[in-house]
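The same chain A turns up in both complexes below, where it pairs with chain B and then with chain C.
Entry: the complex of A and B
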C-alpha cells in the first residue's frame, strides 16, 4: 500500500467523521456550550470567595462596643439577615438554612471590656457547605481578633490611634507570582476548560466508534481494505481538530477578553500539548468503546472513567494534599500531566525544558491505551 | 353485529402531519384469523396498536367488542379482554426471567387466579412444547421459542381477541410452520379471534381473511382466494437458452418477469394456463426452449400486479436489460471463484461452522440457506476475511484466505444484514466514502458513481439523507456501495430483509444482470425460501454443517423421490382434520389456513383414502389437488428430519 493511498483513505475517513459531527445538532450545541458559556460560568461563579454570606446577630448587650463589633461584618463579604433578641429565632434561621452563621454577644460585653476583664463572643456556624463555613470562620476570627487587639486592646492600654505605630510588629510582605491579584476566575475558567477538553476527548471518539458498532457499519469497514489504524485514527484526528478549534475559541474569545487574563506563555506550545493530550485521552475512549456494545453503556463507562480523573488530577485539590497511595496512582492519569503542563505554560511561561516529564507521561499513557483499542478492534 | 369483534372505519393516522395511514376500513368476525399483509412501513403496526388501544389516531372510528375505542377510558375497558404481542423477537418478554417466571408475571399482571393459572400454564406449555425449557431464561431461547413464549404470555388470561404484530418475522421456516399450527390450535380450542400482521406474502394462506396494505392504504380485502381472483392469470415457467435473450424479449412484453435461477417466471394476466403457455412459447420462437409449464399465481404475483395497475407504470421500474449471457461452466479448467474446504469456526466450546466445504464457479448466484444460528453469517464472514477460521482452507478469487486477506478484501464486495450505511450522510456521500476507501478518486470516482447509480436506478436519490430513504432504496444503495470498486465477487448477508416485493424483485434483477452480463460471482445467505429459488445453486446448512448441496430443482426432485408429491386438501375445519390424519398415519400434515398439506407418493390413492376417512367422520373435503413443491417444503422436511434425528440422538 503506497503512502499516497494511505493518506487518501485517511482524508476520506476524517472528512466522513467531520460530516457526521456537522449533522449532529445536539452534539454541536453541547460542544459550543462547553467551550463558551460553561467555561464563562465557571470563571464568573467565584465559588471559593465569600460573598454576601448571610448571618444573624443576637446582640444581648446592645452597647457601643457590641454595635462596633457587629458593624465590622459588612457587605460584600457579609450580609446581616436578621437582628434578633431571642436565641430560638437565630437557631430557627440556622436550621432553615437562611443564615450561614450566628454571632452572639453576651450581655456583659461592654462592662467586661471596660473593666478590663476577659470576655467572649460566640459564633455558631452552619457547616452544611463546608467551604463557605471555613471561609466565614477564618474571616470572622480575623475580624474579632483585630477588634480585640486594635480597638479594645488600645483602649485598655491607653494608647492613641497613632500610638500603634510605635509598637514593634512583624510586617509580612507577600509577593504573589503568576496571578498577582489571586484572580479565582482565571484558574477556575481554565480548570473548567481542561475538564471540557477531557470529557469531549474521551466521549467523542468513543461515541463515534460505538455508533459504528451499533449500526453494524464497522463490519462494512472491516471487510474493506482499511487497516484497523485507519478505522481508529480518523476518528481521533477529526475530534482532535474539533477540540483544538473549541479550545482556541474558548481561550481567545472567552477567557482572555472576559476575565482579562494575560497569556504570558508560549501559546503554540500550549496547543501542541493540548493536541497531544486529546490524542492520548481519545485512545482511552476508543479502548473503552471497544469493550462495550451500546451508546448507553459507553456513556456510563466514560462517566466512570472521567469522575476519578477529574477528582484526582489536581483540579479540585492539589496532589500534595492527597494520601500517599493516591498520589502514586495519579501518575497514571493523563489529566494530571496535562494540568501540570497546561497551567505551567499559561501561567508560568514554562517551556519544553520544564514540562517534558508531563509530555513523556502523556505519551506513555496514550500509546498504551491506543494499542489496547487497536488490539480490541482487530479481534 | 354481535359477531363482529373488531370494526375499523376510515381509520387514519398522521405522524408529524405526514399521513401514514389513510382511510382504512376493515372488520373481523368472531373466531376469525385476520391477516394484515404488507411490507415494512405499510402501516400495519400503527393499525394494530390503535386496535389494541395504545395509539392515538387522527380520523375514523375503531370499535372493539362494540366499544368505541376513542379515549384512554374506553381503551381501559377493552384491555382486559385482549392480548397484544408487539413486533420483535421476545419484545414483550423479560430476558432475565425464566420461561415460567415470564408466564407467571403476565398472569399476575392480569390477575389470573393461582389454580386457573396452573392448569392453563400446563396446557399451554404442553401445546407449545416449552415444558422442558420451563427453567431456562428467556434470553437463551431460540427465536422461534421466544415467539411461542410470547404467544403463551399474551394468551394466559384467555383474551377474547389477540393481536399479534409480525410474530413470524425473523423466525426460520420450521419454527414458522410450528408457530402457525400452535396458533390455529390455541385459537380453535379457546375460541379466540386474532388479528395478525406479517410481511411474508406467502403466509396469506394461513389466514381466513386478509387485508393487503401498502403505503398506508388498504387495497384489497377478502379471503385469500378472493384476493387471488382480483388479478387473474397464470404463471408460466420457462427454461430457454440463452436465458438473457429470452429475458429481454419477455420483459419487453410482460411487466412481471423474474429470473429464477436458470428459469424465467412470467405472470401472464387474464389467461388460462393453456393459452398462457402457448403465448409464451410463441414469443420465444427465436430462442431454444427447453422447458415450459404453468402454475397458479401466488399472492405476491397478484400483489405486484395490483400495485402496478394502481401506480400505472411498469412494476419493477426501468427494466434492466441483459445483453449477453455468460454461461456458467462448473469444473471445466477455470478456477472456482470461491472454494471452501473443511472450514471450522469455534466460539469457545460452541462450534458455529463445522467442516463446511463447497465450490462456487465464476458468475454463479450461490445461496447459503439455513435457519437463524445455522452458521450462514459466520461462514460468509470467514470468506470475506472478517473472521479468521479456526481451521480449514479457503480460496476467494484464487487467493488463499489464510495468507492474503488484504488482497481478497479489495476484490470482494460485501453487504451486511443491516445495510451498513451511514444514515446521516446522503446517498452520494456514502458512495464517495466507500469509493474513497477503495482508493478511487477524482474523475474515476465520478465515473464509477454515475455508472453504479444508473445500474441501481438511484439517480434521483443522490442528495437525499440516507435515513429518510425507504428500505428498498437503501438496499440498492448498500449494493451500489459494494459495487463501486467493481468486485469480481459479491457477498450478500441476508440482503432483502424488510424489503417489499417490488423492491425485492428489482434487487434480484440487478443481481441477475451482474451475474449473467458482468460475470460477477454472488454468494448470498438467506432464510427467505422464495429467495432461495433465485439461486443457481444452494447449500443447506444445519447446525453449522452442510446437509445438502445441489440446485433448487435437484433438491425438490430429491424430496419428491423421497417423500412424494405435495397434496393440498381444502376443508372447513382444518384442526380436527389434522388430528384425524395424524392418528391415521399422516404425521407430516400441516395447516395452511383452510387447507391441509401433506406429502404422499401416490396422489390418487391418498385422495380417495383421505376423502373416505374424512367423510366417514363428518368432515367434508371440498377440494384435493397436487401442488408444486416449494423450497420451503424442502427446507422444512430436511430440517425437521435432522431435528428429530438430533433429539433421538440426545435421548439415546
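Entry: the complex of A and C
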C-alpha cells in the first residue's frame, strides 16, 4: 500500500466522521455552546469573594460605639439583613440560611471602652460552607481590631504623649506569582474549558465507535480494505480537529478578549499539548468503547471514567491536599497531566523543558489506551 | 390511563435493563464509586499548604515568627532555603504554594521599635486557595506583630503587658461556628455529594432508555400501539426512577456510615425530598431525550448539562452566596441548589419542614413542569 493511498483513505474516513457530526444539529449546537457561552459563564460568574455576606446584628448596647462598629460592616463585603433584639430571632435567620453570621455586641460595650476595660464581641458563624465562614471571620476580625485600636485604643494608651514615633510592626509585602491580581475568571474559565475538552474528547469518539458497532456498520468497515488503524484514527482525528478548533475560538474569542487574560506563554506549544491530550483521552474513550456492545453501556462506562478525572485532577483540590493513595491514582488520569502542562504554559510561561514529565505521562496513557483499542478491534 | 399498559411498558423496560448485565451493574457501580472517590479524595479545606522559608536573619525572633507558621495546621513546613533562586524553582514546579523571606536585621529592627519588612510569596494559580492562604498569612503575622508591639510598649512605657493589651486591643472577638464546629469540608461534603452524584447518574439512564428506542426504530412499535403517551412515559420512567432511588439510599448509607456524616434532621423529610429529587433528575433525562435524535447527542448534552450544572451551579462545591448575581440566578433556575439546601438542612442544620417547605415545593413544581414539557414535546407522529 502506498503512502499516498493511505493518506487518501485517512482523508476520506475523517471526512465521513466530520459529515456525521455536522449533520447532528443538536450535538453541534451544544459543542458551540460549550466552547463559548459555558466557558464565559464560568469565567464571569465565579469571583470567589465574600459578597454582601448577610449578617444579623444583635446589639445589646445600642450606643454610639456599637453603632459605629456595626456601621463598619458595609457592602460589598457585608450586608446587614436584620437588627434584632433577642437571640432567638438571629438563630432563626441562621437556621433558615438567611444570614451567614450573627454579630453580638455586649450590653456594657460603650461603658467598657470609655473606661478603658477590655470587652468582648461575639460572632456566631454558619459553617455549612467553610470558605465563606472563614473569610467572614478574617475580615470581621480585622474590622473589629482596627476599630478598637484606632477609635478607642489610640486615645487611651498614652502613645501620643510617650514620644514613641514608630512601632515594631511587621511590614509584610505580598507578592503573588503567576496570577498577580488573583483573577478568578482566568482560572475558572480555563478549568471550564478543560472540562468541556475532556467531556467531548472522551465521549465523541467512543460514541461514534459504538454506534457503528450497534448498527452493524462496523462490519462494512471490517470487510473494506481498511486497517484497524484506519478505522480508529479517523474517528479520533476528526474529533481532535473539532475540539482544537473549539479551543482556539474559546481562548482567542472568549477568554482572552472578555477576561483580558494575557497570553504570554507559548501558545503553539499549548495547542500542541491540547491535541496530544485530546488524542490520549480519545484513546481511552475508544478503549472503553471496544469492550462494550451498546451505546447505553458506553455512556455509563465513559461517565464513570470522566467524573473522577474532572473532579480529582487538581481543579477542585490540589494534589498536595489529597490522601496519598488518591495522589498516586491520579497519575493515571490524563487530565491531571494536561492540567499541569496547560496551566504551566499559560500561567507560568513554562516551556517544554518544564512540562516534559506531563507530556511523557500523556504519551504513556495514550499509547496504552490506543494499543488496547487496536487489539480489541483486530479481534 | 391504563395501569396494565403502564406496567407492561415498565416490565418490558426492566427486562431489557436486567438482561444487559453490564449496564445494570454500571448503573449501581457508578454512583457508589463516585461517592467513595470524591468523599475521600476531595477536600475543600485549605490546609497543609506546603511552605518554605528563606531566613536571612537567623535570629530568635525570626525563628519565633516562623514557628507561628510551622505550628499551624494550615501550613506544612517543608524546610529552610539557602538561596532566593530556590523559591523561584520550587514555586514554578509547584512543590510549594507559599514562601516567606525574612531579610537581615529583622530582630534588631523590631527590638529597636522600627518596622521590619518581610516578604510573602504566593502561588496565585488556584485563586480561591491563594486568597485563603493570603488571609492565613496575614492573620498569623498580625498575631505575631501584636505580641511584639505589646512587649515593646510595656518595656518602653513601663507598664504590664496585660495593661498594654487591654489598651491596644480593647475588643476581643469570640467566634463560634455553627452546624460544622470544626469548619471542615469532611463534615459537609459527603452528604452534599449525594446531590451531585444523583444529578449526574440518574438522567443518563432515562436518556439512554428512550433515545435508544428512537434511534433503533423500536419506538415505532409504541407509536403504532394503543399505548398512550403518558402511559409510555410513566412506564419508561418507573424502572429508572427506582434504580435512582435505590442509589440514593446507598449513597445516604455511605455518607452516614462510611464517612460519619452527622444526620440530625428528620428522616421522613429527607426521604420525601430525595424521592422528589430522584424523580426530578430522571425527568431531566426525559426532557433531553425528546429533543435529540441520536444517543451520541443525548448522552453528550446530558453530560455537559449535568456535570457543569452539578459542579458549578448546585452549591455543592461552590457556595452559591459567593457567585455573581447572574450565576446566582442560574443556580435558582436549576433544581439542584434547592436539594442541596435540604441536604444541608437535614444533615447539618437540623431544621425541618417549617424552614424547608419552599424547597420541596420548588422541586415538586420543577418536576411537574419538566414532565409537562416532556409530555408536550413527545409525539407519536414524528416529522421525519
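In the analysis below, the second predicted complex is superposed on the first by the 363 of 379 C-alpha atoms of A that agree within 3 Å, B and C clash if a C-alpha of one lies under 4 Å from a C-alpha of the other, contacts with A are read in each partner's own complex, and residues count from 1 in each chain.
Assume contacts are C-beta pairs under 8 Å (C-beta built on N, C-alpha and C of every residue); 3 or more make two chains touch, one makes a residue touch a chain.
Nothing here was measured: the structure is a model prediction, and the numbers come from that model.
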Which partner does A:129 reach: the first (chain B), the second (chain C), both, or neither? second
Residue contacts on chain A - larger count, chain B or chain C: C
Considering only the touch criterion stated at the top, classify A:217 as touching first (chain B), second (chain C), both, or neither. first
Contacts of A:289 with chain B and chain C, given as first, second, both or neither: neither
State whether A:27 touches chain B only (first), chain C only (second), both chains, or neither. second
Contacts for A:99 in the overlay, against chain B (first) and chain C (second): which applies, first, second, both or neither? neither
Touch test for A:70: chain B only (first), chain C only (second), both, or neither? neither
Between chain B and chain C, whom does A:343 touch in the aligned arrangement: first, second, both, or neither? second
One more residue to check, A:200. First (chain B), second (chain C), both or neither? second
In the superposed arrangement, which partner chain does A:39 touch: chain B (first), chain C (second), both, or neither? neither
Residues of chain A that sit at the chain B interface in one complex and at the chain C interface in the other, please. 24
Chain A touches which residues of chain B in the complex? 384-386, 406, 409-410, 412, 414, 416-418, 420-425, 429, 432-434, 436-439, 441, 481, 491
Within the complex, which stretch of chain A touches chain C? 24, 26-27, 30, 33-34, 38, 41-42, 44-51, 53-54, 69, 94-97, 100, 112-113, 116-135, 137-138, 140-142, 144-145, 147-149, 152-153, 156-159, 162, 164, 166-180, 182-184, 186-188, 192, 195-196, 199-200, 203-204, 207-208, 211, 292-297, 299-304, 306-308, 310-312, 316-318, 320-323, 326, 340, 343, 347-348, 350, 354
Chain B touches which residues of chain A in the complex? 5, 8-9, 11-13, 16, 19-20, 23-24, 215-217, 219-226
